[in-house]
Each structure stands twice: as structure tokens, then as C-alpha cells.
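Labels for the chains are A, B, C and D, by order of writing; each one numbers its residues from 1.
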Amino acid sequence: MSITSDVTRTIADLRDEVCALHSQLTHYELVIWTAGNVSARVPGRELMVIKPSGADYASLTAEDMVVCDLHGNLVDGALNPSSDTAAHAYVYRHMPEVGGVVHTHSTYATAWAARGEPIPCVLTMIADEFGGEIPVGPFALIGDDSIGRGIVEALRGSRSPAVLMRNHGPFTIGRTARDAVKAAVMVEDVARTVHISRQLGIPPSLDAADVTALFERYQNVYGQPGHLEETQENPR
Amino acid sequence: MSITSDVTRTIADLRDEVCALHSQLTHYELVIWTAGNVSARVPGRELMVIKPSGADYASLTAEDMVVCDLHGNLVDGALNPSSDTAAHAYVYRHMPEVGGVVHTHSTYATAWAARGEPIPCVLTMIADEFGGEIPVGPFALIGDDSIGRGIVEALRGSRSPAVLMRNHGPFTIGRTARDAVKAAVMVEDVARTVHISRQLGIPPSLDAADVTALFERYQNVYGQPGHLEETQENPR
Amino acid sequence: MSITSDVTRTIADLRDEVCALHSQLTHYELVIWTAGNVSARVPGRELMVIKPSGADYASLTAEDMVVCDLHGNLVDGALNPSSDTAAHAYVYRHMPEVGGVVHTHSTYATAWAARGEPIPCVLTMIADEFGGEIPVGPFALIGDDSIGRGIVEALRGSRSPAVLMRNHGPFTIGRTARDAVKAAVMVEDVARTVHISRQLGIPPSLDAADVTALFERYQNVYGQPGHLEETQENPR
Amino acid sequence: MSITSDVTRTIADLRDEVCALHSQLTHYELVIWTAGNVSARVPGRELMVIKPSGADYASLTAEDMVVCDLHGNLVDGALNPSSDTAAHAYVYRHMPEVGGVVHTHSTYATAWAARGEPIPCVLTMIADEFGGEIPVGPFALIGDDSIGRGIVEALRGSRSPAVLMRNHGPFTIGRTARDAVKAAVMVEDVARTVHISRQLGIPPSLDAADVTALFERYQNVYGQPGHLEETQENPR
């Protein structure tokens, strides 16, 4: 597959955006050293933009970002793609509504993942952002479609944009790469708060009807009108 | 309601101040992404200045701050007001001594709120700042006066400027917006310290007479004379 | 008491040093808002330099530092001295070897203090720096010599430069103000590490003979020769 | 032993590199005050470059780094070598494949070390980086070869580049000093995540065959081809 001139501009913009979003992962301390990655789908094409493997966050540039097809094959770029590219690609192939995927080993979300325990919906913020408990996906070895399939199966049974992959860490999705980064920030935040709350007792879960009311209101009313359609640069 | 020229200057100053105070929320890591908000009452007017909904902390400007009446209706500003505006407005309507309100989802305070457990008065700093245990308010859905009413009822039975709203997070009040931000910083700090202390045992509570002695001394003696009357820029 | 010209220079230098050392308290996140204070004895004089009450760390200047006698009376300076001045003064009156005192409400040290539990000597770093367990002092109200007396009594029965005052927080001492700040940094670090270790079991204490061997070696061999005599600016 | 002109350049480069790597220890909050140290072997010579004793991180310069022989004797430099030099030297004498050694008292790794408990292999990241559980070494007093011998014995029975020395803290090794710093960052990260996971249950360990598959893949496939041979400046 070659990249025709009409998508060259889009891909350049996505390289800038995906590179910039990685700095949110370090800002919120979701990643260390070279771990973690963000990708974005190239709209209308069977392509994605993703971080190269083993690249240092401090020196990451937009040019370092690589373009792959949706089977994880390198299409454009000087570096090897992230070792998690196959998992991102699987998600894009099977969830057409997804425009961005993020993977981290953020501390508290990974701690829940290590026990294989979903994060219960005990906070209004969890209802708002995740629409219920945050689900657990299976243990899967890297190297084939196992991780991607596990992510998709877990997310399809849930309103949550985040899944905790057993003994591994969180993957998040979004309509855009920025939304997926937001979900990665939020899943770590609620994983930490609920963990701490649980250390001294059992916080009660919200009623299912309240969870739905909060989720629907937040998804439709919060933020500024027309915002998401206008631009990805303004956060929700 | 229109804004007459004699309050234009005051509102411009409050927009600057409220915008600047939001940076304290990020400095002390009380908020992530776009969560959390600070408001200030416009003295002598049925108006308040508050953060817009879903706005990014990194790019927040004084001009972004919106002016609402004390029923939460937008009076001036290009953006939608915070989704918590109704709760702030309710507090201003029912607590005339309050000049500032802050809401965060800070980790440790929210962890106590999730369990619905007040923070016991086991530190001299809690006696100084809160005058006793930090109370819990009811679970309430967003969308009407329930949250505001819960805040006011919990605070009226207490000397504390902070309340932990069940399954939600802390709200704090102050004579000024700066005082309310200080209370938001302090409630998270003592929530964390007492949580950690409780992990390995039960710290004993202070005697009620000692709590009152510490509270009254701190409220009257600490800091510099005439300070609060002079300026809001100097911290207490 | 008036300040004669021959100590003017020394006091100016100590104002610079004490002001600069406060930035270490914020760097290591030992203090929030205006809490915490550092003081230095004026060598050979019945005077000390200390932070003013309720002053903001971000805007603290050397000129803000106030000079008090060793009963806590203001001798020079435009602002009120720290509300903890009496405790610092008591230490200087009763421990002539002490040149600096620090007080914070740092999280983990205060959590041990809230339970009234000494920090056991389970790490070589604790043996090196504290020469044994870190002791607890009594609960004492502010306003007279109770806090100072409690600090001095607890420290005299110990090799530790740090004491955990019950339901309050740590006080540390040193031959210089810098040494006292180092002790404040170290007590929080070991309070945190031992707390975390204790969450999942009981770490064994070091043998008393090993503690003494480590303490004596560290106090005499570590660092650079002649260093402490030369200058306070180079850390040990 | 004197330093001939043909290694002068190499040593100057290693002084730069070792100095710069210390800033990673503070960036990742693995050290406080003057604790912790990084060293690098001088390739093909019985020499190492290491941090001086008791030196402040904020003012550390490449010139401050000292050169020692592999028995810890000072060969070049104005300052005393780190008090841990003998332990580094022992490792270089007995493990010829090691090019860098790091020692910290990082909080969570030291908390496991205080209990004398290995970190179980419950995360894919632990399998990737450490190839199994992270072992514990004996308690040893400073002053002779005990610490070095304990490190080498523990590491020889393991694929792990990190060892938790009882009641003391972690030591890590690597083919280069940068690899040893990476291992110091990673051991603290997994020590924290597994600690937190264990607070609310027992995370299951990975199967031994899965651990080996992950370790071998990561050590051979991750990152960019030819990268490690090319340069030490690019992170893996």
C-alpha cells in the first residue's frame, strides 16, 4: 500500500498530534522510560499512526512516528513500530468507531489488572466517564492477535473506554486519540482513588439507574456545544 | 440582569483571580484533565465568576471565566458555565458569609467520600483549619439543587470549611475564593495523612477542649495583623 | 536587645540561608501552603533567624525573615515571627550544640506521629542518619514552652536528630540549619519507606551493635574531609 | 596505576555520561539529598568512573566524577569516591559482562528489601525486564567485600539485573551504565505496582514458560535494530 498525496497532509497532522499526546502520558506520570504508546487511525484509510518501539519520551519527534496498515505492517517511517502495534491494529479493524488507542502500565490501573479485578463503580466520576465498572480482559501473550482480541471482547460488553488486561495493564480507546488519552488519564485516577478508598473499607457502589443517568448526562451535556466536531485541540 | 459599569472593574479583577487560583489546583495536584472548579462571589451583587465547563487547565485565561447569576444562569461570557455551577450558586444564596467555593475530586478526600466516612480530628492541623472532624454530605445527583442543599446542610452543622460529598468528592468554602482554595489544599493534605496513619492503627482523636483552643487561636492569631483585610493576594 | 554592627553581616547571611533552605522544604514536598518553618541560631548571640508567620513559600524573600531573641521576642523584622518560634527558641536555650531547627507536617512522619509510634530502625539509612529508632514526643498545645520541652526531652534520650510530636508532626535539629533540613528530608523518606514495608509484613530491626557501627562510620567517614568545617553551602 | 593518554578521552566521555545519568535518578525520584550512585566500567581497563561521596545532585558536574581502580582505590579525581565504591568494584571484578552499576534507596524497592521479600513475577513487564522474580541479597555491613559478594551471589542465580539487599536497598547492573539506570527505574516501578496490587489481594504469578517467552522476545525483539551497538545515548 502506498500513501497518495491526498492523505499526506492528514498523516503529517496526525504525526504532530500523536507525538504531542505522548507528552500527556509523561505529564500525568502514566509511563516510565520508553513504555506506553498512543496511536491514531488515519480517517477513511486502512492506516494508523503510532509511536516507534523503544523510543525515549524526552526526545520523541513527530517525524519519529510511524505509519502502519491495520495489520501492523510498516508503511512509512524510519523506525520499527511499537511492539504493541498488532493490538492497536486489531482494535481498529474490529471497532470502526474507534479513532485512537492508548496503552500504558500506569501504576494503580496495572495493580487492579494484576489481580484481575474490575474497578467497581463507586464514584460519580466513574459513572460519568466509564458508565459502570471498568472491565478486565484476559491474560494474553504478545506476538499474535490475542491481546487485540481480548481488548475488543472486553470492551464490547461494556460502556467503558478502558479495559484492564490481566497481569499486563490498561488499554483505552476513544473517538479520537485525544479521547483515548483522556480515558488513560481517568482510568489511572479512579483506579488510585478506589484503591485508596478500599484500603480502609468497602465503598458502596452506585445504583445502576444513577450510573446510567450520570453517564448519559455527562456524555451529552458536559463541555462546550459543537466542541468535539470543531477541533481535537480543545479538550472536552 | 445586565452588568452596570460600576461592577465591570470588580468582575475583571475576579476573572483574573479565579483564573489564577485554578493554577493552585493543578500545582497541588487536586485535579486532572478538566475536572474541578473555583468560583468567587461578586461582592454586593447577585453574581458569581466561575470556570467554564470542560476547559483545559493549561490554556485557561481570565477571559474564559464566565459570570452567572446566583441561580446559575449565564450573564456574561462566551462559554458554558461549569456543570457544577448550580451547586456553587446554591451555596452563595444560602450562606451570605461565603465569598468563594471550590470543588475537586482530589484523591484522598474523595476516597473518604466514597466510603462516606468523616475525617477524624487526630491532628493539630485539623483542629487549626477545620475545628473538628471533616463532615460527610449526602449522595446527590447533578441536575437540580440536591448537591448544593447537601453541602449547605453538612457545613451548617460544623466549623469545617470542607465537606466530603458521598461517592463524589470534596467541596470547600471560604470568606474569599483564595480561602476556599486553601481549604481544598488542606482537606486533601489531612485526608492523605490520616488515611496513611489509619493504615497501621487507629490514631487517637484530640480532646474537644483542645480542638476548640487550637481552632480559636489559629483563626485569630496566626499570620500577619490586618492581613486579610488588606489584600487577597497575600496568603494567610 | 539591639543588634550591633558586628553581627549585622552574619544576620544578613543567615537570612539568605534560612530563606533558601525553605525552598528545600517545598522541593521535597514536606510542606504545603504556608505550613512549616526553618530557623538558624545566630552564632555566639542569644538570637535566631526564623520564617514569618503565615508567609507564602513562592514569594518568600530573605528580607522577610525575622530575628528573635531566644525567648521568641521579635528583635528585627517587619513581620510577625512564625507561630512555632517559642518551640524553636526553647530548643536553642536548652541545646547549645544545636544551630538549626526545622518543623514540618510532612505526610508520613506525621502519620507515625498521629499514632504516637516511633519509627523502628529497620534500614541501614536509619542507622546511618538517626542512630536508632526515631522517637515520639508528647502531645502539647501551642502557646507556652510545652512543645519545646517535649522536643528537648525526647531528643536527649536518643541519637536521633528528629522527633515525632504526637498528633502534630516532626521537629528536627542539626549543627546547622542545613543539617536540620537534611534531617527533615530524611525523616520523611524513612517514615514513608518503613510505612510501606510495614503494610505487607514486619521488617526485622537491625541488631543494636550493627546500628552503632553504621551510625559511627557514617557520622565520621561519609562525605568529603573538612567539608563541614569549610562551608554550609556544600551538602554533606 | 596511571592513566595513559589513550584512555583519557574515554574517561572524559564516561564522566559526562555518568554525571548525566545521575539526573535520571532524581527525575524518577529514586534518590534524595546525596544518597544513591551510578558507576561505569572503563572498557578494557581495570578502572571505573563513579560519583563522589556525599555530593549534591543539583550541583554535580562531570569533573566531580572520580576514577577508581577495581579495588576501589582513587586513581583520578579531587574528591573522595562514593562510600559504596567497594561494592561496585567487587561487581566489576567478578562479573566481566557488567559495564554499569547503580545503587539507590528507592522507596518501594527498599520496602521489599526491608522485609527481605523477593518481588514476584506477576506482570508482563517483570517478565520482560527481569525474567522472573527479583531476588533478595543478604544483610551486609559496609566496609569490606560483604555487600559486593552478596550482590554477585544473588544475581548469579537469576536473570534479573536487580537485587534487593536486605534492610538496605536495590543494586542494579547492566551492559552499560544506562542499562543499569534503566533497571533501577524499572525495579522501583514494578516494586510499587506489585506492592499496591498486593495490598488488596494476591496477584497470580505468571507461568514459568510464559515468563521465559516474554523475556526472550523482549531482550531480542524490542526496540530498534542495531541500536545498542550504535550508541548509548539512545534509550532502548
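Heads up, the rule we're going with is that a residue touches a chain if its C-beta (ideal position, glycine included) is under 8 Å from a C-beta of that chain, and two chains touch if they have at least 3 such contacts.
For each chain, UniProt lists the protein as follows: A, B, C, D = L-ribulose-5-phosphate 4-epimerase.
Every value quoted in this text rests on a predicted model; they were computed, and no experiment measured them.
Q: Hopping along touching chains only, can you work out the least number of steps from chain A to chain D?
A: The least step count works out to 1.
Q: Please name the chain that ends up farthest from chain D once chain centres are defined by their CA atoms averaged.
A: Max centre-to-centre separation from chain D belongs to B.
Q: Copies chain C, chain D: same or different interface, half of numbers shared as the threshold?
A: Interface between chain C and chain D is built from largely different residues.
Q: Take the average of all CA coordinates in chain B, do the same for chain C, and state the distance between these two points in whole angstrom.
A: Averaging C-alpha atoms per chain gives centres 32 Å apart.
Q: So how far apart, in whole Å, are chain B and chain D when each is placed at the average of its C-alpha atoms?
A: 46
Q: Could you check chain D for residues that touch two or more other chains and list them?
A: If we look for residues of chain D contacting two or more partner chains, we find 199.
Q: Could you classify the connectivity of these chains, where an edge means two chains touch, as line, ring, star, complete or other?
A: Topology of touching chains reads as a ring, each chain with two neighbours.
Q: Could you list each pair of chains that touch one another?
A: Touch list across chains, by label: A-B, A-D, B-C, C-D.
Q: Which residues of chain D touch chain C in the complex?
A: Contacts found on chain D: 32-35, 52-56, 79-80, 83, 105, 107-108, 110-112, 114-117, 139, 141-143, 167-169, 195, 198-199.
Q: Give the list of chain D residues in touch with chain A in this complex.
A: Listed in rising order, the residues of chain D that touch chain A are 28, 122-125, 182, 185-186, 189, 192-194, 196-197, 199-204, 206, 210, 213-214, 217, 221-225, 227, 234-236.
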